[in-house]
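Please read the structure below before turning to the comments.
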Amino acid sequence: MERGRDAVSAAGWSTLGVVVAVGAWALVASAFAIPEIILPSPAGVVAAFLRLPGYLLEQAVITLGETVLGFVLSVVCGLAIGMAIAAFRVAELMFYPLLVAFNAVPKVALAPLLVVWMGFGQQPKVVMALLVCFFPVVLSVAGGLAATPPELVELARSLDTPRWQTFVKIRFPGALPQVFVGLKVAMPLASVGAVIGEFSAGDAGLGFVIVQAGGSSDTALAFAAIGLLGIMSIALFYALVLVERLLLPWVRETAAVR
Amino acid sequence: MERGRDAVSAAGWSTLGVVVAVGAWALVASAFAIPEIILPSPAGVVAAFLRLPGYLLEQAVITLGETVLGFVLSVVCGLAIGMAIAAFRVAELMFYPLLVAFNAVPKVALAPLLVVWMGFGQQPKVVMALLVCFFPVVLSVAGGLAATPPELVELARSLDTPRWQTFVKIRFPGALPQVFVGLKVAMPLASVGAVIGEFSAGDAGLGFVIVQAGGSSDTALAFAAIGLLGIMSIALFYALVLVERLLLPWVRETAAVR
Amino acid sequence: MILLREVSQVFGGRRGAVEALRELDLDVADGEFTAVVGRSGCGKSTLLRLIAGLLTATSGEVRVGGEPVVRPRRDVAIMFQRPALLPWRSVLDNVLLPVEIFGWPRQEHRAHAHRLLEMVGLEAFHRRLPHELSGGMQQRVALCRALIQRPRVLLMDEPFSALDALTREELSIELQQIHMEHAATVVLVTHSIEEAVLLADRVVVLTPRPGRILTVVDVDVPRPRTLGQHAHAADLARCSAELHEVLGARRAAAEPPPAPQR
Amino acid sequence: MILLREVSQVFGGRRGAVEALRELDLDVADGEFTAVVGRSGCGKSTLLRLIAGLLTATSGEVRVGGEPVVRPRRDVAIMFQRPALLPWRSVLDNVLLPVEIFGWPRQEHRAHAHRLLEMVGLEAFHRRLPHELSGGMQQRVALCRALIQRPRVLLMDEPFSALDALTREELSIELQQIHMEHAATVVLVTHSIEEAVLLADRVVVLTPRPGRILTVVDVDVPRPRTLGQHAHAADLARCSAELHEVLGARRAAAEPPPAPQR
Amino acid sequence: ACGSGEQEPSPARPAADRVTWVTGFGAFGREAYVYVAQEKGFFREAGIEVTVQPGQGSGENLAAVLGGRAQFAAVDFTATLISAAGGKAEGAVAVAALHQRTLAALMALDGSGISRPKDLEGKTVADTASSVIRMMFPSYARLTGVDASKVKWVSLQPAQLAANLASGQVDAIGQYVVGQPTVRNAAKGKEIKVLPFGDVITDLYGSAVTTSATVATGRPDLVRRFTGALLKGLAYAVEHPQEAAGILVAKQPAQNAEVAAAELALMASYVRPADGTPMGAMSRERVERAITVLRTAGAFDEQLTPESVVSFDLLPKG
């Protein structure tokens, strides 16, 4: 009962947040008399969506697929690289600076390369999503693994635990809360990556719609696509939060109260 | 002495990493006979840099300024929002989904708005850097604050510590290691943001060089700019690591060994 | 000063509830020194948490100074079972934490902190970080942190458990001294019957889970007390014996060891 | 079994070095039960860490079973001063951690784990997470985790410090039993002279920082021993008295309390 | 390598060649002709199965062709010349002109005080950072007597140009002539003043069908068949702009049919050669003059032969 009421009030507050944001947007759009082409009104965006709902949802599903796939791959790669960095000083010294540099490269600049290697299909978009979002995963894995309480590290050492077992049984579970922070950062980035991939090649996905709409100065349509992207990301993000809760019940139980 | 030798070997390994990466790049470029326009050779990139060293460095300094300013602002905003989210459930419920959605918006799509509001100067680039990189800061601050060991939270409560003091004296210092992970994610993103801002409007900075080089298919020049961007980010990243070491000596002393 | 009426505490959990305390009644007069003993897991720490306002009782009433306890109060200090030191603060700064939080003049209390550290033998370590200290040293820092508050009510959860007999005894004497000087109300959880008898006016014995009051032993011996060859040694020994009797320790020990279980 | 020669341990630190142990010599025979006592911060935990291979001595030689200790060995188990439980594992899984790590058959040792939990009175809690346990309960879980390894050398750092007298005594008896059955070599750090005398063949007394061996008291009493009314009670009491004498506890206590420091 | 074909294999000619076509930029009305050729079966008749990919602009399109990911792309021929002169487009060759004159133009809002080139002095003009329009401007300025140094240029992303013009951030923008309907839409129907460069710089072609030397020399027959079918589509599209726009919108629902039709109508006069030569034709002399114009304008200094950028024997004949 408590929980039910909590959930209702939570949903209420969240809705209020959205309402406030949309209201502020509507106000800004009308109060400053910003041209529709630069900042369309919420109503205009909804109208744009209703003009092509089927098409937009279809494109959203395409982007969703790329995002999820790219995210999953980034988790796999991020875990591997993060663990290597946490485990081997040589790996850290050799690859950390490269990763940092690579992460600072605007990925759009790499798009032609990806197109040449992988063509115009979904693959380069998935790879783009992966490239854009794996760095936070790497850093949070490495950071989380480095933050194992010293007494647990000593426990592992006292049992002469092989390195990989120390990782799997002690350091990694302890790092999970921090890893999830990294995943939460990575999740919206994955959709940004997929969209950037769609900007650069192909003729599908919300990114393509945004470019097309932008090119025809149909800003309302671009915003409709952006809105869908936002909704999609919220859903993915909270799915991740749910996974976290299911996987790490002990964190919630021991975590700090507000 | 030990430390001196360590530093030398560390530098050695890092250099080796760069050498290996550049070697692999050269190999790929020549082995697969990839056209210069798609993947220039390292030599070509160096030549492109040497054609215009003064100009490129000048543009790099411009981008550097925007990056640093955007990053500093993102730290300020990120701390404020992250703390609000950690402190107030209502703030979390109302603003978290919005932040997630906002973070999933490819920032290029917002560039027109920024140009209209702020013109063609540095300001929109700084804001773009801020927008691109503040989310990791928010999440790591909120995550770190939520991970205060329960015994320390209880200690704070037992002293009837006012909330803000609990934050300032207990939860925040404890969250700092995690906050720094967020800052490390944010730092290269800030330069991505600045460059994206330069893509969109203006006539200065490495981002402008990259776009302009793309038009005349001078990919080598674009890569030279990207290379400078990478070097810049490595420098900024390790400056941040240095700040972390100076601010949080206790973390290194108690942290887990490999 | 402290009043508990029919206080029960039940912890919910995914694996079923645990009843920690059941219908406990307790009165502690102003300035009284009460020791709480009982088996491991019987609810002693829970009892202190309830008095400190860190937990709200599942049912029953808890009052301190006549007022219902709804949240922690600044005139009630608690020393936890674990040291709970801030790893990034030096020993001295850890001790000064309450001073900072209460907004007291730091300079003044700095001297006090140094005196307390001197007392527990850690003055030489005041600039070190907690991880450079041994277990017992950390516990002593936590003790100083509780004492610097000069609270009206001092709640202590096994404050000397990690200390050797000599240090323990020295600190017991200091604690007695402080109690006599400040007339603070003290509730001390301990596993040492000797310590309980040496320090307390009354010793409350809890039953194993769920914790209820099994008995209360009064120790009517004037202060300052010391164990050993003093006038009231016999009185203290009698109380001690009574407690051992109640707790069943000696009796169990006197029996042949239980049959090996495998 | 254990041999230390001129072992010194100095901890470096930003605030200057701390000399924890100085030129310590110690021999522990195979199957011998040695207790280590000494003041808080004198280096007892450091000594155990050295034997366990968790620390490398600044100078001197440490051998176990004739071989120099260069890293932790699987036939040496250590129970730390803090419980060091994995917060995400149930009590049972925490106990089974060494079994998993050693790659032993889990099924078999599950039964053993349940027996150990039964012994320490925590069978009913085996599915709970550590944060649902009291301090003493956590310590008992850590004890089970050390015992399940059935090591040749068992190092214990104040294993009963958070336990009440009765539980402590019960577990002492169990420990004696296990020691007698498995002929393990045990080094036990304790602050309880009673406990040291009850359990150990020899009691090593360390000086305050830096830790050196002050004296070694042999306890020539046959096993099983119990405190109380048994045949060798007098012998035990004598050893106990000797230790108290050496440690200076009684003497200090008998003196008038030191002048108040403020 | 072949483009990933999404279409059913043609039942008539199961062994059809599969090629990928990259449009000039996006899938706007001006690019509709390829869909027309597809829809009308021109490609099928030529035994080719075409996958259409929206392009990214000249540089990226050249990369796609040179990297072998696409066989053909629409590339602004001026951009091809500039890239080739810089040695960046080695192996890229034009095989048919899509526009006989450059579509490059500047656009301003009516009533903004810009009605002739001279008015540009002291004004701010926006264009993409990599725009060829910007590179042509010195030539245009010289030919129209404008002091190029008095014009301030700012860079914007392609999609932002119209919005910034409409909102008054800039006085004029670089656009292809066919962008006028879009810009008018963006400006809420305000009339647009267009200054087409093609009116004074007559030697520059617009976009050209561009391929790699590998395809040009290895599959000349395929090139001929492809350009033939594509140009057929182009001719049909500019003759039937409404129908072509309908075909486009069916494929790309985000497009506006009216705007697309208007673009195609505007494009018509640029597509058909004036001198009766066949559609797609290019002449060595004009290419040479174009090179000279660009070199004079300072777009590049290097020597460039027409043969290195145009495959003259593959050009459409009659």
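All chains are identified by letter, namely A, B, C, D and E, in their written order; residue positions are counted from 1 within each chain.
In the analysis below, a residue touches a chain if its C-beta (ideal position, glycine included) is under 8 Å from a C-beta of that chain, and two chains touch if they have at least 3 such contacts.
None of the values given here were measured: they were computed from a predicted structure.
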item	value
Set of chains whose contacts include both chain E and chain A	B
Among all chain pairs, the one with the most C-beta contacts	A-B
Chain whose Cα centroid lies at the greatest distance from that of chain D	E
Chain C and chain D, separation of their C-alpha mean positions in angstrom	24
Distance between the centres, which are taken as Cα means, of chain D and chain A, whole angstrom	50
Centre distance in Å when chain B and chain E are each reduced to the mean of their C-alpha atoms	38
Multi-partner residues of chain D (at least 2 other chains)	82, 131
Shared-contact residues (touching 2 or more other chains) in chain E	59-60, 63, 67, 157, 159-160, 163, 167
In chain A, residues with contacts to at least two other chains	34, 38, 112, 116, 150, 214, 219, 254
Chain A to chain E touching residues, read off their complex	34-38, 52, 55, 111-112, 115-116, 119-121, 200-203, 208-209, 211-219, 221
Complex interface listing, chain E residues touching chain A	1, 3-4, 20, 25-28, 51-54, 56, 59-60, 63-64, 67-69, 157-160, 162-163, 166-167, 182-183, 185-186, 188, 252-256, 259
Contacting residues of chain C [partner chain D, same complex]	11, 13, 15, 18, 37-41, 44-45, 81-82, 112, 115, 118-119, 127-128, 132-137, 140, 157-158, 161-170, 173, 176-177, 181, 191-193, 224, 226-229, 244, 247-250, 252-254, 256-258, 260-262
Chain A to chain B touching residues, read off their complex	10, 13-14, 16-18, 20-21, 34, 38-39, 86-90, 93-98, 100-109, 112-113, 116, 135-136, 139-140, 143, 145-150, 153, 171, 177-178, 180-182, 184-185, 187-189, 191-192, 195-196, 199, 207, 210, 214, 219, 222, 226, 229-234, 237-238, 254-258
Partner chain D, residues of chain A touching it in the complex	151-152, 154-162, 165, 169-170, 173-174, 248, 250, 253-254
